[in-house]
């Protein structure tokens, strides 16, 4: 099974997620600077999510570059990743609307954590398909950065209830 | 006629359907656990629809892999399938908003039934184009799984009026 | 200049237009048959627009199949076509919401007319790029069907003010 | 790293931005000519944005045609461009809703300015990847047009506060 359609499908989903997030910025009814200021938290959460999605898309790009074939398990591992990423517009809008309240920020962190786990699963299903000696397995190495980011996300969620801004920095 | 553009078009439509469904999750105005709980039915119906669309996309992927060419009839059989799939965001949102009320669940089943029938027609128009001896025809075999799922959907619709949850399990 | 990206861009725009139209079907607040019945005009206009967009996409597919290269003029003729097609979700929603009132139906016809004209311009800019002796020019022949549909649309618009349903049939 | 996925991703994002803008045209509740007239400013800003996005997509198409490979820096320069373009539906809707009030028009100009700067950065990261002697560097020449449009945008923003329509013309 060739990887082309999985790439095309993933590109489409990433680009739609990144673009419909902007629909969460509700158009102000007035044309004052105040209304812009009130949009600031929504803008900040949009910027954050855009960056995360950019990182995921760029990593996805690198991950699939090293391989040629996919199987059913990889397709579903990929859909699993896209499932969690598809929640980003929802949590972004909530974080923005609630001005970085603890619960939405914690939920945001949870979605990122589950997306990181899903990315981990996808990478490992690709390695198990192509073998431990493949280019991909060597390139990923011990995937230290991946594991560290999962731990960081898991740590950030409880912190979110006390200091949402610290959690965001993490 | 090459199959590339039909694949690209179908990938795009599948990915848009899967992503705009999340717009059906309305952002709560408050940041309590209660508002999350109230979103639970919408989340469940989203999860269900995401899975169905994942199955359709994955099947579509397998179906088109075996073939090289398409004709006008196949294009329209494909559009017919996408037409019914495009209703999934609507019925998902209704099922979620009405907390799995009988009528929306029955309608959801009807949409799935019609999509299954459309998939069946697409598969058969591909077989009639490539001949009974083709790889595709052999691969689909008697398509037992396809027929059974159509029957199951047809059975589930009347049940939905009495016990929506049973119908969902089917 | 190769035609690949223009095809990919057009496929994406067609598939987004076809899919976001379904967002025009507002989710009923109740779960009765009445609320379904009230959605009937919106459903009918959706069905009509889906068919038109399917026809345009399928024609676009056939048109670009015969050619290999595009230039800047073709890119803009294509964008011009997509511009008018992008209004279809808007007029579809209005026709549905107003239950086929004269003005929205006339506007719907106007959008279709301008899209047909834009398609005509696109076809002719492709012919002028590839020459009168090309496969494309022969295939399009005198493009009788294209011209007739422009005339029909132009006739349907004034009729819409008296009998919207007759206009739809045309 | 091949440029294919970056092209596909950019095509998707451009086409989604161009299409969801039309969701900013709210469907009138009545079917009078008055309601159409009230939509005129929204329609004008939509037309303007469609043209700008068409120009960006067409330039993007030309820019990537001359090259074969991309690296991580180019991916991010491209995402940076798409980030600013993704604000166009928001500022378009605001300009339309406020009937070309000074602040939204100035913000619109600011978004265009930042997109022009991002395009400039993308072009230069491509040149630095492919070398000063490459086809691309020669083709872009001194990129007089690009620099002039950045200056014009920068000039247009303060003007917007006094005469929004003059700013639009620029």
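The first chain written gets the first letter, and so on, giving A, B, C and D; residue counts start at 1 in each chain.
Criterion: a residue touches a chain if its C-beta (ideal position, glycine included) is under 8 Å from a C-beta of that chain, and two chains touch if they have at least 3 such contacts.
Fair warning: this is a prediction, and the values are worked out from it, not measured in the lab.
Among the remaining chains, none touches subunit A as well as subunit B. Two copies of one chain, subunit A and subunit D, touch each other, and the residues they use overlap weakly: the shared fraction of interface numbers falls below half. Using the average of C-alpha coordinates as each chain's centre, A ends up farthest from subunit C. One finds 36 Å separating the Cα centroids of subunit A and subunit C. Averaged Cα coordinates give subunit B a centre that lies 25 Å from the centre of subunit C.
Listed for subunit C are residues 8, 12, 16, 20, 23, each touching two or more other chains.
Taken as a graph of touching chains, this assembly forms a single closed ring in which every chain touches exactly two others. Across the complex, subunit D meets subunit C through its residues 7-8, 11-12, 14-16, 18-20, 22-23, 25, 27-33, 36, 50, 54, 57-58, 61-62, 65.
Against subunit A, the residues of subunit D that register as touching in their complex are 1-2, 5-6, 8-9, 12-13, 16-17, 20, 23-24, 72, 75-76, 79, 82-83, 86-87, 89-90, 93-94, 97-98, 101-104, 107.
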